[in-house]
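Two complexes follow with chain A in common, the first pairing it with chain B and the second with chain C.
And then the complex of A and B:
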């Protein structure tokens, strides 16, 4: 039986949550505020700023770039993640721990370092900066997340399920499609959603590698110079935060489903969210 | 490698199989034949190689040296999906994303059979394991016993030549395990398929099998019927693995064609029925089962050999009482099991008792 936490701890937790989320709550507040100035008191309710977003052509281009980059990044990092996670779960080879650890390093590497390093390498290679160079950077930082998610899906899978399938006459490829894939699909969806979200929100690497194909965060950064556009940015920010929340919650739902399907009822480690 | 002589009732032939995992020798020269339609058990402690041998029959492991024949053909390097064997896994390996009917019909679907035939055979297979009407049930909603039945149905629907069972009862509680033991035996008679069971539980092997191969350290120590193993164990290790056996070190004093006269340290002479090639002067060990020893009540009870001792513990089981008796002037303790009948009250710890046994109830081991 779990007991109730002491009052002081509860107060601390509430304060902590306010500190975390108060700035974010300001977004919807000013996104719907009928005033060009970001200040209290609020002066009225409006959808005007959202309408303004609708009319801004440059924004649509940035949105298109961001979505393209996010979709390709999600597919790329998830595919790489599937290979790595399957190999790590299934095979024993010398230096396995080291290799897997090495793949995970970008998780803690400062993005600005990754960004600078990549721009130096890409320019040396003679590549021009575009959406595709951003994709390279984003795949690099998203792959560790994909591996972390997929590894728990693959690791939790009982090896004898594959053997049972082979025993019942199914081929190796058939077993992959009839047993392994269905069992790790929730993990794959979760990985796609999380890498999509990370890519969509990522600023530093995009800022370095984007060239002329600006992404949404880079566009927002550019707009911050114009105070008059700030409420519209608030509206855009509100939409992006809502979308991210929705995607992350969906991803978490699928991650838990993956754990449940593969017969793991209690453990929820290896995930990004505990 | 020569083809094994085709004996008409032999379904599996293992010939000189060795298996190494790195430095570890899992199987060290195993040869054995399994007959068509029999319930065969591989019995041994964990790490004895019994599971490796089963996985070699199923095709999940291949021998380092040696051959595996199933139904007369060499299957040594045939993958599991092309073998006429099916397996019930220790964890049952029920596909969690499929319901009961989809699990049972999994192998048939691969064979591209028409749907109504699959459905009909799934129903038949479920009926065979007493799970009629469970087809639509989700697999995570099944109890341990039901999961095992699904695993059985899923394997039997393939009509294998051999059904392999890897410790199928170890995950069940005692009561359910006993029920499933007799059900498995009945099921085997119904379907008439050869069953090969791997178990570490000697009682399970004894009650279910036609024949048992007892394995130690990657080798077959003895292959016999349950009765043969119990009554005529070849080594002390087999004897103490199958049931309980009392061991008494002895020296041969004299032997005739039929009788051996043995000198037991501190105890004096005992007489046993002779087995072959034991000469006077040999050091041997005699083995005797607890139920072959008797506590003699009063002067009228007689036996070929009688020794006195003191009861050091008595465990009452209702129908039986198990005594531990320390034989007089020795440090030998023997286990005696006595049926509780009227006129033979349960004796208390600390009382002296006379222990008797007959000549023919003793097994003689070398060394």
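And then the complex of A and C:
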């Protein structure tokens, strides 16, 4: 195709980007705005709302719960993801498509259904709600993402490196820990970061399963009803965007490095042997 | 090196495997063993709970006790009660509108990036995903700030002299829900469409041009049919989760914009009628699944008819 786009299409692209960025651009505006009301025009610059966040104890507890849940979720879903992705990338077995497909189902299930299903079980079993029940739900929805990321890492890995290690007398377990794992480490880090971010932001499952260990999104949800609390929530939102921006950029960096690490091996090996 | 399959070679063939054991290589067993932890987790934490939801939907709640005799009463109530009908139909209608709007808005952008993105394709895709790295709750709330009576949009439009009175049809109704959800799901529509358009062999477009097709006919007869897999994927990715969205209708929908997820939550919460909530959830899942399957089948048929 020609490299110069029609003017109408370019105009559309710009307008569309404005639509996409409209809400996010407001966030820093109101986070630093010296007014208790979230509306234009802006009045003055302030760090007051960030200071308020610093003094709110309930927020700190919610943040602690969310971080704990996100860390455990990231480790859990990445571990399950390693099993599934390795199996899917390396082996053929009966029912593979069905099993992998089934594990991926939470991707296309409305989250409220996951929340409902888990709360029904917990009530029937008579278990009390806590951070752990949220973790169970979050691992369920994060595992498909981990698998997707890790599968490409495992697929890109050069199989001959693994075979070489076995030929040189390394055991299966030794090969896994000393050859395979280091090669897919960037993929693992990327998977950890993505699951961490998803868990940190997830609301509806946490809303159903949280009990008294309120998570950050559930805390925010409670605050949205009180107009006086909103500027501080804007400041919080700004901090969270900055954090997830940083985390996802890091994840992207490792994902690319994973592709380079594993991809380059294949390419250079081919170059030498062919 | 390990051989993939020792079975089937040499004397081993004489040993006949029992019927119930499918012929499988050692690798197969390794694969199954490896996938069993995540598979078991999904069975235990997803399949079993969903099954229980299904069972619960046929039981009844008597204040604190659960009556475990099977009955279709909850489904009858879900189907006959006006409020539930309205919410269910509204959820599907809003979702369908959101899906159409999102996919239609996304298509030109995906087209633009795929054909004119050049070396900057990755940068464009990153630009599109960045706004979605914000907390979903806060993003939805910001739409409330934009669309409100004294909101950013009304303020700007009045400031620029386009309108004199604030627009009121854009908050606390279905319109607000559609706008917000169309925004929230934009990247999920753009990415699959982009992928399928990128895969189109441009020599086909050149052939069409050489054979005398104008730009419009080229688009309708080559680009659009070939990008349909992406459109179908985008449609399903947007449609299925939006039917069950809770946050947006609750924050922006007012009373005329509430959807079925809000009612499901009420049944599990305040109304304390988990069986009815389960029946509503199962009904919603069945409706969503049947619409999705019909859509896929119709689309397949349509494409086959086109040749």
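Please note the rule applied: the second predicted complex is superposed on the first by the 260 of 274 C-alpha atoms of A that agree within 3 Å, B and C clash if a C-alpha of one lies under 4 Å from a C-alpha of the other, contacts with A are read in each partner's own complex, and residues count from 1 in each chain.
The working rule: a contact is a pair of C-beta atoms (placed from the backbone, for glycine too) under 8 Å apart; a residue touches a chain by one contact, two chains touch by 3 or more.
The shown structure was predicted, so the numbers you read here are calculated from the model rather than taken from an experiment.
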item	value
Touching partner for A:167 - first (chain B), second (chain C), both, neither	both
More chain A residues in contact - chain B or chain C	C
First, second, both or neither for A:91, with chain B first and chain C second	second
Chain B versus chain C as contact partner of A:114, first or second or both or neither	second
Partner chain in contact with A:22 - chain B first, chain C second, else both or neither	second
Interface residues of chain A shared between complexes with chain B and chain C	163, 166-167
Residues of chain C that touch chain A when the two form their complex	1-2, 22, 24-25, 27-32, 34-39, 41-42, 45-50, 52-53, 56, 105, 108-109, 111-112, 115-116, 118, 127-128, 130-131, 133-139, 141-143, 145-146, 148, 150-152, 155-156, 183, 186, 202, 205, 236-237, 240-241, 243-247, 251, 261, 264-265, 268, 274, 277-278, 281, 284-285, 288
Footprint of chain C on chain A - complex, ascending	1, 3-5, 9-10, 12-13, 16-17, 19-24, 26-27, 30, 38-41, 80-81, 83-84, 86-88, 90-94, 96, 99-100, 102-103, 105-106, 108-114, 116-121, 123-124, 136-137, 139-140, 143, 147, 163, 166-167, 197, 201, 203-204, 207-208, 217, 220-221, 224, 233-234, 237, 240-241, 244-245, 248
Chain B to chain A touching residues, read off their complex	58, 60, 79-82, 85-87, 89-91, 93, 95-97, 106-107, 110-111, 154-155, 158
Of chain A, residues touching chain B in the complex	158, 160-161, 163-171, 174, 178-179, 182-183, 261-263
